[in-house]
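Written below as structure tokens is the structure these notes are about.
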Amino acid sequence: MVDLLPLVDHHCHGVVRERLDRAAFESLLCEAAAPGRWHGRLFDTQVGFAVRRLCAPVLGLEAHAAPDEYLDRRAELGVDEVTRRLLAAAGIAEFLVDTGFLQGALTTPDELAAFSGGAAHEVVRLESVAEDVISGHNAAAFAPTCRARLVAASRTAIAFKSIAAYRVGLGLEADRPSDAAVFTAAARWSAEVAAGKPVRLHDETLVRFLIWTAVDLGLPIQFHVGLGDADTDLHRADPLLLMPLLRATADRNVPIMLLHNYPFHRHAGYLAQVFDHVFVDVGLALQNVGGGGAARVLAELLELAPIGSVLFSTDGCGLPELFHVAAVRFRRALAVVLDAESAEGNWSRADARRAARMIAGGNAHRAYRLGPSAPPTD
Amino acid sequence: MVDLLPLVDHHCHGVVRERLDRAAFESLLCEAAAPGRWHGRLFDTQVGFAVRRLCAPVLGLEAHAAPDEYLDRRAELGVDEVTRRLLAAAGIAEFLVDTGFLQGALTTPDELAAFSGGAAHEVVRLESVAEDVISGHNAAAFAPTCRARLVAASRTAIAFKSIAAYRVGLGLEADRPSDAAVFTAAARWSAEVAAGKPVRLHDETLVRFLIWTAVDLGLPIQFHVGLGDADTDLHRADPLLLMPLLRATADRNVPIMLLHNYPFHRHAGYLAQVFDHVFVDVGLALQNVGGGGAARVLAELLELAPIGSVLFSTDGCGLPELFHVAAVRFRRALAVVLDAESAEGNWSRADARRAARMIAGGNAHRAYRLGPSAPPTD
Amino acid sequence: MVDLLPLVDHHCHGVVRERLDRAAFESLLCEAAAPGRWHGRLFDTQVGFAVRRLCAPVLGLEAHAAPDEYLDRRAELGVDEVTRRLLAAAGIAEFLVDTGFLQGALTTPDELAAFSGGAAHEVVRLESVAEDVISGHNAAAFAPTCRARLVAASRTAIAFKSIAAYRVGLGLEADRPSDAAVFTAAARWSAEVAAGKPVRLHDETLVRFLIWTAVDLGLPIQFHVGLGDADTDLHRADPLLLMPLLRATADRNVPIMLLHNYPFHRHAGYLAQVFDHVFVDVGLALQNVGGGGAARVLAELLELAPIGSVLFSTDGCGLPELFHVAAVRFRRALAVVLDAESAEGNWSRADARRAARMIAGGNAHRAYRLGPSAPPTD
């Protein structure tokens, strides 16, 4: 039953349309930047095994095909055909696409959705907007220009996203910063940019300004939480650090989406229980932790997280393989967890089916106001 | 065999004797304050499923009865009959009851015990004593009055409890504060109270003063650790932060009880291994994490915690359902963990039975000096 | 198949050759300093059950022999015979032995290896070298003498080790300290030692000086991470705190070995994924967490850690029992994890066998340049 549910992927990126050599392919497989001299090939990871197991048959190969055989077949079919096959097999009906990362190198939301006949919605990355604004405006114009850009974005985008975890950590102050504080911080940043430093937002006040501006606009706000590449200071990406901000936004009618969360997914489950406006997933993790790991991690999230708070995402980026592996592993993990509770008699079968529908897409429909959904009623 | 063991619930609260409407019932189910607009009904949580599964049959309904059906039947039977049935079914022989929370709204220890024919003991909350004292005394009288109250309490209470985690976090200094420091802090607090601020202890020095005063009196001291409601800063409730205080109290012959601990229960297990005076439980968590989750969480606690250090508690509060669910889930989880180790041949059956008796009540009898117990000898 | 693999124990200590009474034996069993009045005997721990289950038969007793029976038999056979039997049964081919702890009380690397016919290599503890140097040299001579000692050690040792986690925590600055900073810190420490304080390195600058000196010499560097005795501040032993140093050393061609890691082993797995020069194990944990726990903990490490980054260690110290229990539990856990992934079809059997060989010893051979190894190729 879970195999047939259309999924809402509430957080992903586009895919690369160029042909990739083996090193480039491996560098997009997991959070390692590239294969190195010590660990050997990156196919020797859970996600590497999963690609060979799950994607090879979709391309017409035996399961567990060797890496070079897989890449040869991939080249033979061409990236578009590979993407079409893998996205179709994933069974994802809607994609919410973060367009603020690797712009230009990845497909647009519409291109992505076209591969599978699904629908696409844009998620606007707050820090990218600010970085674009600071490059072309003086400090005095920074705040109003950002505000205007976000207002405009809110008319077409489905949500905002913050990568505060990467830049300043999640230990944000709770309050909206004053106009004076924003101006001072913008002036400092503007001076750095004028002096030739890379245009990279890493100021806590400005990040907070962006978040509160987004809160005013009423769209859901996604936060990168937990694992990412070596650029994250992972101990500053613990969602518990967000508690002051979550308290401050609890009555603002704005859903806050905590993405990934691993290895802090139990912390995220706790937050989803005590804050009604918090939604959680274990995206990115599920395709990376192996088959047994996926069921374990999802089960751990479902310890405390209310059924109505759990979402599906792939965080697929670059490789269409990641969407397919994420979807298969998510479906399998969800079935394992629900079957176990049903088999023990802890949940009724009807409750299990209803929970599956909510997690696969109903909750996302409700939180993002995506239209027809399965509401969490009796 | 585990099903027949009488349990010592070493940490709980009283129950509400008034009839509850659905919103009030849901608001007592888990750590969420109340159902909200985003997640839907709070019956869609592991503890919600568990109440429908485990408590409905005790009230004469089918397992998995719908929420409204359950609440109708609850109203029909009346709260006293419901409480009697659920507490009797729980098989708890002794209740150690924290009387410092929602005083007046909940049953007293004796009332609670009367429902099930068990015995009750009072646990005195340190912060509540201090809050009572500061309201009626000047700063100079604060310390001696607190001391006198705690001395008096120690004649009848079975233990003390601190909610430092909620107020100042567990990163307490190790040392006993000086009289001068206590006076200064009391004077500051007294002035705040006089100025009309809510009477709420949130001063690290005064919390530490209370703890050391309790240490002098020789009773076990319980600490809230890990999950609680949105009022906890969960990242300050990690038991590892207590290490300096645990080192400072290691030779004082006073057991320190770490309550709940989830999601830091592996940290708690470590502390129980390296400090002989530390006892641990996963109360509150077990009824909240589902059937599979309960076995997993207890197993994780038992990775490092010596058998002689593990206790049972419900943290039942408000709803008698929580006592019943906690007891059933605890027995089942313990049986699963012990059966798995026995079936693999890792533990002898005799060791498993002995461990079950210790964890169900023998350790609590020894630590709280509750009278006849199963001592941890060969 | 896993049962027959020769193991490389990349982190251990020597064993005690004197006869031990029961209290002394229990005090070496786990991380508790000694049995105390509250928890009862330390045989009531997972490692205590494991010794009775796994070691008793090697000494000719029934499995689950009572503690006193076990210790009587141990005395009857004599420590050398017991050590010979247990180390031979462990199937460890190579021992990398930290010689900086309890020097004099434990066997040397060659003595240890002689018991089992294996090979031994010395690991030099950086802090022990510095403590030896500060005792006999003035502050000006400290840095050059340390450097010279480490250069000399690098000619015979297989690796260096730091116990920064015990002394200053893992939140180290990333940079190599200046000569002036090292001189100032050495002068302060030298003055403390001259004033009669115990010779114990607990200065962050000097620890960092030692680490960077070791980096220059190109040998792998081991770090104590995660659980240890009550002397560790466990929350400062989270491997995520090492991220700045790991970034700073990523291009230095020096493998960094994160030892133990529990309960932060998922954090360690993340670091192994994003840093090619990071290797990880769950040594010390596996013998302490029970049979079910060992499989769970190893599975959690293997969620993110690339196959090429995972090592085996016992952290055996004092008791030969710990080597045997660690080896049996490791083999069993590895078999359980690989069988589960193979049975589900997630990994091919050939991939599982190859992964087992890499983790049991191939990765250690490559990282420590131990000679013939199974390279991680197709």
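Should a chain be cited, it is by its letter among A, B and C, assigned in written order, with residues numbered from 1 in that chain.
In this section, contacts are C-beta pairs under 8 Å (C-beta built on N, C-alpha and C of every residue); 3 or more make two chains touch, one makes a residue touch a chain.
Please read all numbers here as calculations on a predicted model, not as lab measurements.
Novice: How would the chain B/chain C interface be labelled, same or different, where same requires over half of its residue numbers to be shared?
Specialist: The interface of chain B with chain C is built from mostly unshared positions.
Novice: How big is the rotation, 0 to 180°, that puts the C-alpha atoms of chain A on those of chain C, in steps of 5?
Specialist: For the C-alpha superposition of chain A onto chain C, the angle is 120 degrees.
Novice: Would you kindly tell me how far, in whole Å, the mean C-alpha position of chain C lies from that of chain B?
Specialist: 37
Novice: Could you list which residues of chain C touch at least two other chains?
Specialist: none
Novice: Which residues of chain A touch chain B in their complex?
Specialist: It is residues 238, 240-241, 243, 246-247, 250, 253, 255, 266-267, 270, 272-277, 279, 299-300, 302-304, 306-309, 337, 340-341, 344-348, 350-351, 355, 358, 366-367, 375-378 of chain A that touch chain B.
Novice: Mind listing the chain A positions that touch chain C in their complex?
Specialist: Per the stated touch rule, the residues are 30-33, 35-42, 44-46, 49-50, 53, 63-64, 66-68, 227, 229-230, 233-235, 262-263, 285, 288-293, 296-297.
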